[in-house]
């Protein structure tokens, strides 16, 4: 039986990265279409706790390898271990969430497996040997259906396009394997977390973004985001003006997001911003200027001063609970 | 320090991309082409490193004669010379990385700096493939702690820092929830993220000088690489059009719609 | 015939476009509003080689063809016509030296411009002698190895910031245009004063002053050409500079067209974007067609110079057509915008004010027509 192997990711804080659960459900969908078995793999200094969590996600088996070198992720130590397991299992597909780690690691795994790779898979089509992937190109302006023709196929999935796999169902067999850790030419120095109680922009279910209309005052944006459990985003103009950190930039040259709900406040909607958010399921635009291009992609538009709307919106949403 | 940088030819990020009605590709007519913005950041970082530590920046691109325009752009920015791999057909990331591997083996640079992805394919793979093929260390998504408004940036200080013994580079990487710092032994592969630097403009004197800088021509055959694509693009389509939205008169209506119609709050 | 730009022409155009878009545009409204001298923009232009484009490579310049210069200039004007005028003012002032100077004069008087930010002013127009150059009243009196200049010039671009002046004066008023002689005044010597910055309708980023000469001494070594050759020097200079001023019109018109295309797609009336109304389409089509027509005339007039031929006719066609075209296109752009177009918050009224100047300076549209007619009757 063909095998789909999904790589689970441990965060620096020891927890499972949420996007892994979305990748697992993508793996399940792929396994169903390809008539394959779903296996998971996790590398960690001590994988026991997360293996318990992964056991209940409906996979056939969870493969874990423990090594002190796995404490801090490095592509050079992870890729050989994962590629060796894939070869041992004769895996047909190896996938992971399109996180920073997934994007760093999987091409290196693919290189070892002489495999072609699809990044940011949004949909899985076809069946059996004819499975194809849909993935975005040109910052989401084009959806391409691609077929990988190498014996082993590698991919990363865009987490927001697949539901998170439920945990606590079924009990996969947990198998440990001995990963040979190769000497690395790369040394981990440190990781500085940018502390935020808010979710990661690219993973968030709701994003509240502010533009030039905020004049740099993000208090109301942040308050609404916290009410909704949302991530905070920004337009390029706002980042370039130095009003908010650069890593909040949503757009073609920043982060590409596709949440369930995107609220754009005081954002005019330059092409390059739209490219970063127009795949969102529901878009709300709040802008004083009725001619702002953002209204052309918005499901719901409100022509009003954001400083009036946001507090009222926050209270109304609070009232729903 | 010898640094190899890349200059892929891509559609101008400002241009509107439209899919052909038959889904076989994008409409080329009226498009403008540029150096991949992430590669341009790589060229800039290479130039800063060469300025600080001495050495040369060699730029490589793969494609038809048209890519000479992007090579000349990098030369106008200040790269010393260029390598052009002349190839007309489709290429996938495996093929590109295999070609670059051969160029690297020929040029023997200390560092290869590439864009983390090209803004056409958006695959984000080539640097990592290349590092593995070469057996080198990699630092992807290179960024920096200082802002693009900082003094360091104004003074064109390279963000990729050579260690005291000169045998490794220290790279700050933009990853989920924070910044990770790695030290990678040379030779190494670095891929650039958007915040690494603000590329310099090509100046008119730079452009005039670039005219006489050498471009060496190679081919996949000369390099002994089979570039038959192993990714088939079966069909391209435009993203599903958004249904026409509505304007709502007030916050109450908005919340009602979000709650009952879109069911997102 | 080849209408395809070369790779290096495209590269030059791209470089200028990037400067215009990212450096000039964000500040264009500010300098229009304040009428301050855009020192930062001009210094940035110097770093990028976007000033002194006409200086030959033997004297430290870039050796750009005339065609390349107009391509670059269109981009600069697309960013801000006032800034473009400030940038090409040096070329206008230095063209007499480039065209008629000796090797020694070129070395002394041109090369410094390639080494640091430095401005020069072309001083031809006088309060009583604009189009009628022969009516010039500024005089040059020979005293040993010097000339002494007396008189007043007006509407002088960069007058307040220049430290070199190319001055036309007559050695003998009775000889009319045959008395006119060209001199280069270095620095700001005693007796040279400049007036206050004029409060202009448009192109407000460019500095414009009067320049007055009161017993200003110029060495004979700084006389460009012979005594009495000044009129020819001035006319040859204007033949060379008209393609550049034409390209400023093209740049302004292109900006007006692009704004109009964007706005007409956004602005809705009667349930659809206004660009779907035929009346607006006609205007947009005319704007595009005339902008491109002017560009081709401009290219041709520069190309003729590159062939080493006289371009008096072609450059007058180009300058006159482009200036009148830009006035019409920018007026229509305001029309496309409707009431908003008349407001300073929107970018098109500035273009209309900027365009007007080109029908006036470096030979009015009427003077261009006289030149054209004269050429036709030859």
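For clarity, chains are labelled A, B and C in written order, and residue numbers in each chain start from 1.
The rule is short, and it goes like this: contacts are C-beta pairs under 8 Å (C-beta built on N, C-alpha and C of every residue); 3 or more make two chains touch, one makes a residue touch a chain.
Because the structure is a prediction, the values reported are computed rather than measured.
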Can you name the chain whose C-alpha mean lies closest to the mean of all the C-alpha atoms?
B
Does A-B or A-C have the larger number of C-beta pairs in contact?
A-B
Distance from the CA centroid of subunit B to that of subunit C, rounded to the nearest Å?
39
Intercentroid distance (Cα basis), subunit B paired with subunit A, Å:
21
Can you give the whole-Å distance between the Cα centres of subunit A and subunit C?
54
Subunit A, residues touching no fewer than two other chains
none
List the residues on subunit A that touch subunit B in their complex, please.
11-12, 17, 74-76, 79, 99-101, 103-108, 110-112, 114, 116-120, 132, 136-150, 184-194, 196, 200, 202, 206, 228, 240, 242, 246-247, 252-254, 260-261, 271-272, 278-279, 281-285, 295-304, 309, 312-313, 316-317, 320
Contacting residues of subunit B [partner subunit A, same complex]:
11, 13-14, 16-17, 19, 26, 37, 92-94, 97, 119-129, 131-133, 136-141, 147-149, 168, 170, 173-185, 188, 194-195, 230-239, 242-243, 245-252, 254-255, 257-259, 262, 264-265
For subunit A, which residues are in contact with subunit C within the complex?
291, 293
Subunit B contacts subunit C in the complex at 68-69, 72-73, 76, 201-208, 210-211
If we count contacts the way the header does, which residues on subunit C are in touch with subunit A in the complex?
266-267
